[in-house]
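In the two assemblies presented below, chain A is common to both, partnered first by chain B and then by chain C.
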Partner chain A sequence: MQLKGQKSIEASPEVCFRLLTDPAVLVRTMPGLKRMEPIGDGTYQADMEMGVAAIRGRYSGTLAMQDIVPNTSYRMVMDGQGPGGFVNVNLSVQFVPQEASCNVVYEGEAKVGGTVAGVGQRMLSGVATFIMNQFFGNVAKEAREVQQ
Partner chain B sequence: MSQMVLGSRVLRKEDVRLVAGQGQYTDDIRLPGMLYAAILRSPHAHARIKQVNIKAAQDMPGVVKIYTGADLQGKLQSIPTAWIPPESDLKMVAHPALASDKVRYVGDGVAMVVAHSRSQAEDALEAISVEYEPLPAVHDQLDAMKDGAVQLHDDAAHNVALHWKVGTETDEAFRTADVVVRQTFRQQRLIPNPMEPRAAVAQFNSATGDMTVWATSQNPHIHRFLMSVVLGIPEHKLRLVAQDVGGGFGSKIACYPDEVLVAYAARDLGVPVKWTETRAEHFTITTHGRDHVDEVELAGTRDGRVLAIRVKAYANLGAYLSTAGPGVPTILFGLIVNGAYDIPQASTEVYGVFTNTTPVDAYRGAGRPEATFLIERIMDRYAQEIGMDPVQVRRVNLLKKEQFPFTNAFGITYDSGDYHRALDRALEMLDYAALRREQASLKAQGKYIGIGFSTYVEMCGLGPSQVAGAVGFQGGLWESATVRLHPSGKATVLTGASPHGQGEETTFAQIVAQRLGLPVEDIDIVHGDTDRVSMGWGTYGSRSTAVGGGALAQASDRILAKARTIAAHMLEVPEDAVRFEEGKFHPEGNATKSVSIQDVTLQAHLGWNLPAGLEPGMEASAFYDPTNFTYPFGTHVAVVSVDPDTGEVRLVRYIAVDDCGTVINPMIVEGQVHGGIVQGVGQALYEGALYDDAGQLLTGSFLDYAMPKARFFPTIEIDRTETPSPHNPLGVKGVGETGTIASTPAVVNAVMDALSSFGVTDLAMPLTPPKVWAAIQNAQSMKGGQS
Partner chain C sequence: MIPATFKYQRAHSVDDAIAALAKDPGAKLLQGGHSLLPLMKLRLARPGLVVDIGQLAELRTIDVKADSVFIGAAVRYHEIADHAPLAQVMPVLKKTVSVIADPQVRHRGTIGGSAAHADPTSDLAAVFLAADARFMVRGPGGERVIRAADWYVAPLITALASDEVLLGIEFARPSPDHQTYLKFAHPASGYALAGVAALVSYDATLHVTKAQIAVTGAGVLPFRAKPAENFLTGERLTRESAEQAAQLGADAGEYEGDVQYPAEYRKNLARVMIRRALESLA
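Presenting the complex of A and B:
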């Protein structure tokens, strides 16, 4: 499943980059992300709770930030396993400066396998878009709070 | 008690307990101390297992034991296939009950947790971590055969599991024919969905070594036979029970890893263990059906005479060979691709292919729907090609009454039939000429209807055991029956056929009632228990009444012969002067002096005064092996409307004229015909399993896989002709699969008839609105481009 989108956040690329690479902020803003513990090399042990259609459950695995170019871009790689199967996400995130804001552009793909792939796959990209919108909405709120 | 119990609409005896919730399904079994199993299944279609870590799961509440593939190595035999088609070079690849090195489809078992409750077992599954190394996966059989495709099994090059050819030389006919029609058909993968998912409970007595397994099985004795080999438990120590089974449609034929694992754990732990499939599991692990790509060629004359048919089929067998998997796309398909037509030359070539998908086995009709679909579709394509009405082209080629018994190009002999009569009756019910006029006038208004025919024949009543052996089925196909009359004259009847929803507790009672003059309510049918029934081969291939019924008739006749001897003795007349009517024996010409079969039975049990040399008791068994298959036939007609604006297909009328030989219970026959038609229409219009390129099943729930609903159907118009089978004692042929076999091509032919106005000649099933709409749009834009 392809993931692609962008969100304009009223903050500088520096602020956006800092927020989007801070585990504490990610746990607060990413829907379902419950825990991130660093295990070195920009990699974290992570727990997520997710539900799509009837398949709900806790996924645990790793979340890594790779190819980091400070304030410009990085790649987020997530591998999670749960009762409904597995979820792998590979997302490149770019921070494009605008006049008074930053355009956060993301592009990549998500792979799901097991039961979760067989139930409501048709709805999955809609669900993913919904989650990403929620996530960036939360990040934008954090950015406003940081700048107040 | 009427003499006419055979052929009457006796209400289903089994429904009294089933509708009152008093059935005994496998999941209803609760034994003291019973534990619950849950199985961890691969989320990958193809991957190497690097590591299975069960430590965290072992400490979870309620967990008793966890088994991995490594734990079972060398302790269980491979899950076997029971059909080895001759000269097919079948690759008998290993199928471990739990994978230890490699998983080959989404759903392949990796570990089993046994815990005190089902929820504890399922929770513990989450705590098992498996490290996989994902491999490329292939789900399509044509892709799997390509050079460079990923290999599933080391010993099956190009993933070819079998290659099988049958038939006559056809090249000459194709070289010289006026007309050759070629078409490739995809018969999509279907997911059988009986109301009851699978389940198994096992109990082991370590003192005696006796193992009892309750399981959802269509054929408990076959299950016993195969599980005995896999588990290493001799058959006299292994009892299989399948009392009530909530439908199977072929999906409960196979011996699966699950029931083997449960039995293994019950023996290992010394306590009963139960496993019940979830519906989500069912979609991924219980055998699928169909999944063919068929290249079909027909050679014929300009005036409608078919000279030859040639079929090359690519059958997807899934990741492993299921119990009957290799036999379905070969023997049950390839021998009857000429359908109901007199086609002098015919050949079939089949490739069975391994892919990273759920194993494929029988699904209602099993091979014969695929054969019927391609012949009925190519007949319509041929009719179009030569500009002939589809009914006329059928009239030219349908076998005639006087040609029976008829041996086709593959050497099978159709026992009896009057195909033209069934066609005539269907046309009469349809009012064909008037409907064609209506079609033309509707078209002038921009409305599209289509009429589709299927003049089918099928091969069922499986079957002569000698033939079973010759075609590589690793079992017999005869059937057993025991009729036991108790001193009171009530009867317990044991059958080796194992009904699971077909109503045979009623129809079988009718057979015995008719022959012995007993009330139907005095007869109980016992089935589905290997300790009570000595042997049997189960229910599939519309065999139960044709073969199991034959055994019942023979056993009943043996009872009657003995009863007559005793009755003559009691009546003090010679045996040949005794008449038997309505359950009573009387001397010829004197109906006032009589003894009932109940009186006779009591005397047989008492043994006080029997004819010299006659044994007491009143019980008879028969082992009936048929001399041929049976060949039900008929004509089905579908009338559909197609909305060109939305692509929606609506079934407007459906006519079924079937000939299943002698009818024992018309109500039950009609129920079978209705259900069969609905399932066949499901394939034509709604159902289809889909995998993505990673081998993930995308249609894993009722949200994603469309089952036919009652509201999709008009009242089905049914009639019958009756041509008794000449070779079985009852004249019956079988009716469990006719509807599924006949209806799919009838509906697709009807849709294509409606779409012919747009120049659309073929579309792959299911004919969903988006597909039909796109085809119409595409055809219209091409037309627009040309003008």
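Presenting the complex of A and C:
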């Protein structure tokens, strides 16, 4: 499944970059992300509870930030295993400065396998969009708070 | 196909169910069990507590009033199909529930269960949207009404909060004179690849005075085909106007392809089914 989108956040690229690479902020803003423990090299052990309504699973795995260009871009790689299957996400994130804000542009791929994918394939992209919107909504709120 | 361990509680009233939900945020409400139980058996859903509201008398009424129709959340599909006064004032409901899945499902599945589960291919979703249904819900803070346009938030996600119970669904009367639900079913699962609910009124010369059209199954979410409605209103309902409306209506959806059915195929199917539904009403 392709993931692609962008969201304008009213803060400088520096602030956006700082928020989106701060484990504490990610745990607060990413729906379902419960825990991130650093294990070195920009990689974290992560626990997530992902899903919607009836279908909800606990996934554990790793989340890594690679190819970091401060205040400009990075790549987020996630691998998770859960009772309903696995999730792999490989996402490039760019911070494009705007006049008074920052455009966060993401593009990449998510692979979902196992029972979840078999049963829920037709719903995955709709759910992914929903989760991304929630996430960026939360990040925008954090950005407002740090600038006050 | 054995679910993970869970506790079962039969609610004695709606308020009882609300209290149970308040105590355990991971609890799920159970009605006919034809959506939740398969998910539990696949272990995709693992609620620690299942609260059964399928037997509650207060959720099982059908009330046909002068200016509205109310259907309790725990009313089963076959009860809707067999209710003569309801079939008279809103024939589209009977048409729709008669093509849901198979007889076993129709004898257990409930209108409220379908609404709350919010499968984006649900047949009834098209009817709820087209008919501007109103969802009556109650939570710890009291009752509120959610409009159909606000109900479907994302696949399997509704505007119903996790501590609220859907009481029933209300439709305003009179609804348009000519009503149908037409679906192109997935050959294996029977789910709607595209399902169209069309409610249309027209005068003696076939000029459309009101059109309400919604599509389920084809798009990421069920959607209302507003541009088709706007185009049709004032037009004569003919093969040509139906085709033009269908094109505009299909454009209103947002489509995603999967392994079997690319997005263009789904959109085309939406167009074809809107046209056929409209033609069947002329």
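Everything below uses one rule, namely that the second predicted complex is superposed on the first by the 144 of 148 C-alpha atoms of A that agree within 3 Å, B and C clash if a C-alpha of one lies under 4 Å from a C-alpha of the other, contacts with A are read in each partner's own complex, and residues count from 1 in each chain.
Assume a residue touches a chain if its C-beta (ideal position, glycine included) is under 8 Å from a C-beta of that chain, and two chains touch if they have at least 3 such contacts.
Treat the numbers as computed from the prediction; the structure is a model and nothing was measured.
After superposition on the shared chain, which partner residues are touched by A:T115: those of chain B (first), chain C (second), both, or neither?
In the superposed model, A:T115 contacts both chain B and chain C.
Once chain A of both complexes is superposed, is A:I9 in touch with chain B (first), chain C (second), both, or neither?
The answer is neither, since A:I9 touches no partner chain.
For A:S125 in the superposed arrangement: first (chain B), second (chain C), both or neither?
second
Return first, second, both or neither, reflecting whether A:R56 touches chain B, chain C, both chains, or no partner chain.
Once the two structures are laid over each other on A, A:R56 reaches chain C alone.
For A:Q81, select first, second, both or neither according to whether it touches chain B, chain C, the two together, or no partner.
Only chain B; A:Q81 stays clear of chain C.
What residues on chain A does chain C touch that chain B touches too?
Common to the two interfaces on chain A: residues 53-54, 57, 83, 115, 119-122.
Can you list the chain B residues touching chain A in their complex?
So the residues of chain B touching chain A come out as 41-45, 106, 122, 125-126, 129-130, 280, 283-284, 692, 694, 696-701, 703-704.
With touch defined as at the start, can you tell me which chain A residues reach chain B in the complex?
Spelled out, the residues of chain A in touch with chain B are 53-54, 57-58, 81-83, 85-86, 111-115, 117-122.
Okay, in this complex, where on chain A does chain C touch?
My answer: residues 52-57, 83-84, 115-116, 119-123, 125-127, 129-130.
Which residues of chain C touch chain A in the complex?
Result: residues 28, 35-36, 39, 42-47, 117-118, 120-121, 153-158, 220-221, 256, 258-259 of chain C touch chain A.
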